[in-house]
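In the two complexes that follow, subunit A is the common piece, with subunit B as its partner first and subunit C second.
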Partner chain A sequence: MESNPTDVCYESDHTAESEFNVINYFNDDDSNLFFHRVDSDQIIYQPRQKKAKLFGQYIMGDILGEGSYGKVKECLDSKTLCRRAVKILKKKKLRKIPNGEANVKREIGLLRHLNHQNVIRLYDVLHNEEKQKMYLVVEYCVGGLQDMLDYAPGKKFPIWQAHDYFHQLLRGLEYLHSQSIVHKDIKPGNLLIATNEVVKITDLGVAEVLDIYMTSDICRTSQGSPAFQPPEIANGDEEFSGFKVDIWSSGVTLYNFTTGKYPFEGDNIFRLFENIASGEYTIPNELDSSLAELLRHLLEYNPANRPTIKEIREYSWMRRKHPQNTERVPSPPANDMLDAHHRMSVLPYLEDLHRVESTDDGPSDDDKTSKHHQLAPPSPSVAKKQAVQKSKKSTCRQS
Partner chain B sequence: MTFTDQVQPNAGDFNLLACIGQGCYNSATISLARHIPNKKLLAIKRVHLEVCELDFTSVVHEIVMHQQLRHKNILESYCAFVHGNEIWLTLPLMGYGSCRDLLHAHFMTGIPELTIAFILREVLNGLDYLHKWNIIHRSVQASHILISANGEVCLSGLRHCCSMIVNGVIRPKIHDFPSQYVHSLQWASPELLEQNLSGYNTKSDIYSVGITACELANGVVPFADMPLTQMLLEKVEGTIPRLLDSPTHTNITSIDDGISDGSSQMSGHRRSTHESIYYEMPASVRVLRNFSNSFHNFVKTCLQHAANRPSAEQLMQHNYFKQIRKRSCQYMLPELLRPVAPIMESTIIPDERISIGGPVESLIPKFQWVDIDEWNFGSDTSKQSAQLREMFPAERTYSMMNQQDSIPETSTAKTPTESTQTLQKAFNSPDTSPKSRKATPKSSRKAAPKGLPELKKSSESSDGPNWVE
Partner chain C sequence: MPLWKSTKSPQELVRSLRDALLCLSTMDTQRDSRKIQKASEEVSKTLVTMKNMLYGTPDQDPQSEVMAQLAQEVYNNNILLLLVQTLHRIDFEGKKDVAQIFNNLLRRQIGTRMPTVEYICTNSDILFTLLKGYEHQDIALTCGMMLRECCRHEELARIVLHSDKFYNFFTYVEMSTFDIASDAFSTFKELLTRHKILCADFLEANYDSVFDHYQRLLNSENYVTRRQALKLLGELLLDRHNFTIMTRYISNPDNLKLMMNMLREKSRNIQFEGFHVFKVFVANPNKPRPILEILLRNKDKLVDFLTKFHTDRSEDEQFNDEKAYLIKQIKELKPLDPPVHH
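Showing the complex of A and B:
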C-alpha cells in the first residue's frame, strides 16, 4: 500500500491522468499549493490518485489537525463503516515533550475505561513498532469549539448555543468527576463537536485520577493551559481541590463562549498569573444579569465558594430556555473552506483501494491487458448473455 | 380479556418447543413455545446476557420500542422478563418466519412480484406509522419483515430504530450512526453511511425499502458481492441498484460495451459490479424474469436522492400497488407463498416431542401440501411440472418456468411475472369494466381460506389469470 505513486497502472490512457501522477508526487506530503494550479474540472480526478493506506482494519483519510505529538487524521473502520479519527503519535516526537510518553500512557489508560456521550470514546489502540508510531482510534468529530469560536462573528456563540454546549460540558465533567478523574485542562480547545452537535471532552493527557481510597480531591500538580487556571494554581499553592479547578476552568470557558474574551489576560504567563492571582476581572455589561451572576460564582476566588456541578444546574440561567433568535454558529468548513458538510475524506482513498485491488490480479508487466480485464465483464458471462438474448428473440419469433 | 393480557411474565407458563431462529447477531435465540395456560403457540426471543457482546441498552431499547408501538404492521410483544441469565421477550408466532427465511428456503432466485407488492405495501404502512411518530426504523431488510401463518406482515428489528426527537425538539435531520450496525449496512441509505453534517431523516428508510425490494425480487441483496467499503463507495457515488430481469439485462450488455473500449469510464459511467450476481443465476431464470415497469419505477423512486424520495404514505399510492388494490394480504399471502408451509398449530401436533433447539426443517415435512401449482392455470402443464418438481425439488421454480417457455402462447399457463404483466396491461386498458374488477377480488377472498382448488375453478371460469386481480 505504501508503494511509489508512479507504479499505478494508469500511464497509458489519458494525458490528464499522467499529469496528475506528477502532481501526486507532491500531493503525498499534503502540500495544498498544487491544488490552486489546476482547473476546477480537473480537481475531480485528483482524488483518484490518492493512495489508500491501511492500518489494522482502518483506512486512512485526510488530516483533521496537527499537534505537537503528531497528526490527527480521519479514518474509516472497514468492518463497521464507522467514521473515526485517529491520533497518530510518533514516539520520537513524544520523547521530546516533557512527560509526553507518560501523559499518553495515562490518557490511554483512562479513556479505555470511560464511556459517556460527552467524553471522547477511545475505540482502538494500534502500534507500529517499525515506524515507531502509535495509533489511537477515537470518535470522529467535525471540529473543536475553539475553531468554531475563531470562525464565529465576534468570536463568541449565541447565548442559546453557549447554553447548550455548557450544559453538555457539565454532563461530561460530572461523569469524569464521578469516575474520580480531574480533567485539569477544560477549555474550548479541548472540547470537540460531533456531527450530531454533541460536545466531547477530549485530551485527558494532563488529567489526574484520584486514589479511590482518598476522601478528598486534593491535587498537587497542574499542567493545564495558563489562561484557564484558577488563582490557587496561579499563586502556586502546594495543594488544591481538583474538582474546583475544573469548575473554574468551565467558568472561564463559559465566559469565553458568551463574550468572546477571556476574564484574565496577560502578555506573558507571569503577567497572566499575576492577573489571575489578583482575582480582578470584569464582566461585560451587555451580559444578562443571571449569566453574570453564574459567571461570578464560577470564577469565585475562594475554591470553597465555587458551586458544585449540581449547584450550577440550579442557577436560573442554566434552567432557563434561551430563545434561538440567532443563527447557529457552524463548524468551519473542512478542506480549505470548500466542504461545509465535512464529507468523508476517505472516499478517494477507497476508490484507489478498490481499483488497485482489481488490477492486482492482472499481469503487472502488461498494463493494457490487465486494465481490459478489469473493465470488461468476465467474458463467459457476455457469451451467456448474448446466447440468452438470442434465445429470447427466437422464442419471441416462435410465438 | 385478550390474549395479550393473558401472557404473564412467568417463565413457567411457557413450554419451549424448538429453536426457530436466531436474532441480534446470534446472541439471541428465537424459540417456538407454547403458552401453557391457554395452549397457544408463540415465539420467545431469548437474549443471553452473559454470552452476548451486545450493548445492553440496545436490548432494552428494543423491548421498550416493541411495547410502546402499537400498529398492525409492527411486531408487538406480549411481555418481557428476565429468566435466569436470559431476557425473554414473548412475541406472537410469525409462522412463515422472515422474508429472508423465505428467500433462503424456497425462493432462492427471488419472490414473485405480486407477492412482493403485498409484502411491501404492509411494510410501508408500518413505516408510515413509525415516521408519523418521528421514528426512523433504520434497518428495514428482508430479515426484519415477518409474515404470520395467516399472512399478516410485521416489521421487527426495532433495535436500531431511533427517534428524531432530541431533547424534546423534532430535528429535521439526525446524524447518529447506529452501533452494531454491521448486518444492516447493505440496506442503509447513502446519506446515513456518509456520516457527515447533512445528516439523514425518515427518508433513509425509504431507501432501505428500495434495497429490500431488490433483495426480495433478485433473491440477493444488492452489493452483497463486494467488500463493505466498496459498497459505501458505490452508494455515495450514486450507483443505483435495480431489479434484475431480462430487459435490464439487455441494458447491462450495452453499458459493458461502452466501458470496455475505455471511453466512458472517465465520464463517470460506472459498471454496476454489484449486478455480477445476476450472471450466476440459471439462464432460464434470467430470461423469463420480467418485472413490470411500475415495479422498476417503484424501486427507482425509492432509491433516488433523499430530497426527491417520496414519503411512505406517498409511496403506498404508487402505481406498483395498483395491481393488488385494496385486497388484504391476510388471505392472499398464504396462497401466494405456497408451497411454503408456515409453522402453526397444525404442523406440530399431536405430540410435542420436538427437542428444544431442534431445527425447523424437521417440522416442515410433517406438513402435507396438496397442490403446489398455484401459478399454473391450465391443467395440462400442472402434471408435467409436478413431475419435474419431483425430479428437481430444489430447482422447482426454474423448471416450471422452463416448462412454460416451450408452451405455445395459446396456452393459459403463465409464469408469475408474465401474469402480472398481463395484469398490468389489463389495468391500464380502459375497456376492463370496473364492475368485473370489483367482483373478482371478493370471490377470490372468499375462496382463499378454503384452499386452492376453489380458487382455480374461479380462474378457469373467467379467461386469463383473473384470480390474481
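Showing the complex of A and C:
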C-alpha cells in the first residue's frame, strides 16, 4: 500500500497468493536457483499491487495528497458505501511541529460539532496505537482551490467562477462565525472542492473559539499564513477583532481568485509585514469597478471599516449574475495528472478483495504474467487457479 | 426558432393556462365533471410545455428570449397565485410540474435583480396560500417545496416571519401526518436560521410570543416534535448571532427548570439534547440570582445525577469534558448571601 515499490513487493510476500510462489521457489530450488536474483525487478512489476486494505470499516484507495502531517488517501466506507478521504497523521511527525498535537486535538473537537455544507465534515476518528497513527475520515474532495489556481491560465479563475466560490466561502465563514469560531487562516490553500463544485473550508488547526458569553470577538494570537494577514496583525497589535481578520483574508483570497496575484508581497516575512502595515496596494485596472470597490472595502486598513458578511452580500458585484462566457477552470486531474474525472481509486482494491483478477494494468497485464510463467513454471494447482482467474477476467471484460 | 413555430407562443400558452385554471377553480366538481376533466387535461398539457420552455428538452435548449416572455406573461396574468390556489385540482404529475416551474422562475435573475422575487414581494398572497397548503394533505408537500424555495430569499422570508401567519407553523409541525409535520418543521427551521441577522432581529423583537409558542413544542406529546424542537433550540441559542436571545433565555429560571426536566425524560436522545441546552445555563459565568438559587438548591442531587448521566458515552471525549466541567462548576457554587431586605 505504500508508494514505494519495494514496499509493495515486500507486503505482497505476506499474502496467500505469493506464498504459493514461495513454495514454488522451494520446489524448483534445484532446477534453477539464479532466477531469484535476475527476477527481482520482475517481481516488483507483478501486477498484484492493489492489495485491499481494510481499516475499521474503511477500504483504502490511492493517495490523494501529502501534507506536513502525513498522507491523505481516498477510502470507501463499507457500511454506508460513501466515498471518503482519510487524513493519516503520524504522531511522530506531529510532535515535531510546534503545537502539532494540541492543534489537531482541538481541530477534531471543533470539527465534530460542525455541520455545514461549506465546511469540511469530519465523520470518524480512528487510532492505531501500534503504528502511532491517527486517521481522520472526512468528506471526499477532488482538490484544493490553490491547486486549481496553480494550473489555471494566469493563475486566476474566470469572474463567474470566482464569484461562485467566494459566495460559498462567505456561507461557510458565516456559519463558522455563528458557531463562535474565528478561522484565522482563510486562503485558497485551505479551500477544497468537492465533486459537485461545492467549496469546503478546511484546516481549523489555528482557529480560535470565542467565549460564547462574551459579545466581543477580541483575539490575541494569530498563526495564519503571512500573505493573508491584516495590518493589525502585521503591526503586532495586542488585541484585534477576530472576525475582521477572516474578512480581510477573504478579501486577499478574492483578490487572488480574480487577479492571480496578491495585494501584498515581500521577499521575506518582515518585508511582507512591512508592506501590509503600509496599507499600500494596487488593484489592477482591468478589474470591473464594482469588484474593485468590493475589494477596497474588504481590504480596509481599519478593521472597524471592513464590512460584515451581510454587508458584503449586499454589494452589487455579489448580487450580480456573472455571465459564464469563459470556460471553467477544472480541478487538477488525479493520479499524477492521468485521471481528469477522478474515478474512484478504491475499485481496483475492492476487486482484489473479492478475488476478481484485477485489470488495472490493461493488456500489458498478460504480458507480465507470461513472463512470470517463463521464469517460474507454476505448480499444477497454481496453474489451475490462474486459469480460473483468467476465465473470470475474460467474462468480466465481455460484460 | 423552428421548433416553436407549430406550437403556441408564451402569450397563447399562458392565456390558455389561465382560462383552464379559472375553469378548474370555479367549476362545481359534481355538475361539470366533464368540463373539469377537459380543463384538467389542458392544464397538465400546458404545464409540460411551459416546463420544457424553461428547462429545455433533449433536442432544444431553453431560449432566454422565450423564457423572458413566458415569465412576463406569468406575472401579468397572476399565474403563480392561480396555480397555487388551484393546485389541489391539478393531477399528480401536474403538481410536480408546478413546483418545478415555480422554482425555476423564482431563481430567475437579471443583473442584480430577481424579478420573480420582486413580484412575489408585492403579491404576498402567494406566500400565504403556500403556507396554508400545509393544511391540505394532497398539496402540503408540493407547497412546502415551493415555500422553502421562497424562504431562501431574505425579502420573502421577512414577509413570512413578520406575519401573524408565521405562528401557524407551531400547529403545522405537530400535524398527525408525519411527512407533512417534518416538512413543515424544515421550513420552520429554515425561516429561523437561514438569514442570520433577519432571524436574530425577529427573535429579539418577538421574543415573548415566539418563546411562548416554542414552549408548547418543547412540551409536546409528540416525541419527534419535542426532540426536534429541543435540538433546534440548542442551535438557536448557541448561534452567536442570537447572543441577546441566548442571554435572555438563560436568565429565566423557568427555562432552567424545563431543561432539568428534559434531563430526566424517558428518551435518552431527549436527555442528551437537553444536556446541550442545560450546559449553557450552568457554564454561564454571570448566572443571575434566580438561576443560582435553583442550582444551589439542587446542588447535591445534580452532581450525583450528572455523575451517573450517560456514562456509556465514553467515546465522546467532548461530552465527557463538558460533563466534568459542569460537575465541577456545580460543586464549586458558593452559597448566596441572604437577599437584602429594605
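The criterion applied here is as follows: the second predicted complex is superposed on the first by the 307 of 399 C-alpha atoms of A that agree within 3 Å, B and C clash if a C-alpha of one lies under 4 Å from a C-alpha of the other, contacts with A are read in each partner's own complex, and residues count from 1 in each chain.
Keep this in mind: contacts are C-beta pairs under 8 Å (C-beta built on N, C-alpha and C of every residue); 3 or more make two chains touch, one makes a residue touch a chain.
None of these values were measured; they are calculated from a predicted model.
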First (subunit B), second (subunit C), both or neither touched by A:L347: first
Of subunit C and subunit B, partner touching more subunit A residues: B
Which superposed partner A:K91 touches (first subunit B, second subunit C, both, neither): neither
Touching partner for A:R112 - first (subunit B), second (subunit C), both, neither: second
First (subunit B), second (subunit C), both or neither touched by A:C82: first
Touching partner for A:H183 - first (subunit B), second (subunit C), both, neither: neither
Partner chain(s) touched by A:I59 [first = subunit B, second = subunit C, both, neither]: first
Touching partner for A:E174 - first (subunit B), second (subunit C), both, neither: second
Contacts of A:R319 with subunit B and subunit C, given as first, second, both or neither: second
Interface residues of subunit A shared between complexes with subunit B and subunit C: none
Of all residues in subunit A, those that touch subunit C in their complex: 109, 112-113, 174, 177-180, 210, 212-213, 215, 310, 316, 319-321
Subunit A to subunit B touching residues, read off their complex: 13-14, 59, 76, 78-83, 140, 142, 194-197, 331, 340-344, 347, 350-351, 353-354, 371-372, 375-378, 381-382, 384-389, 391-392, 395, 399
In the complex with subunit A, residue positions of subunit B that touch it: 166, 174-177, 181-182, 185, 193-199, 227-230, 232-233, 236-237, 246, 249-250, 252-253, 256, 259-260, 262, 265-266, 271, 276, 279, 283, 286-287, 405, 408-409
Footprint of subunit A on subunit C - complex, ascending: 109-112, 196-197, 238-241, 243, 246-247, 280, 283-286, 317-318
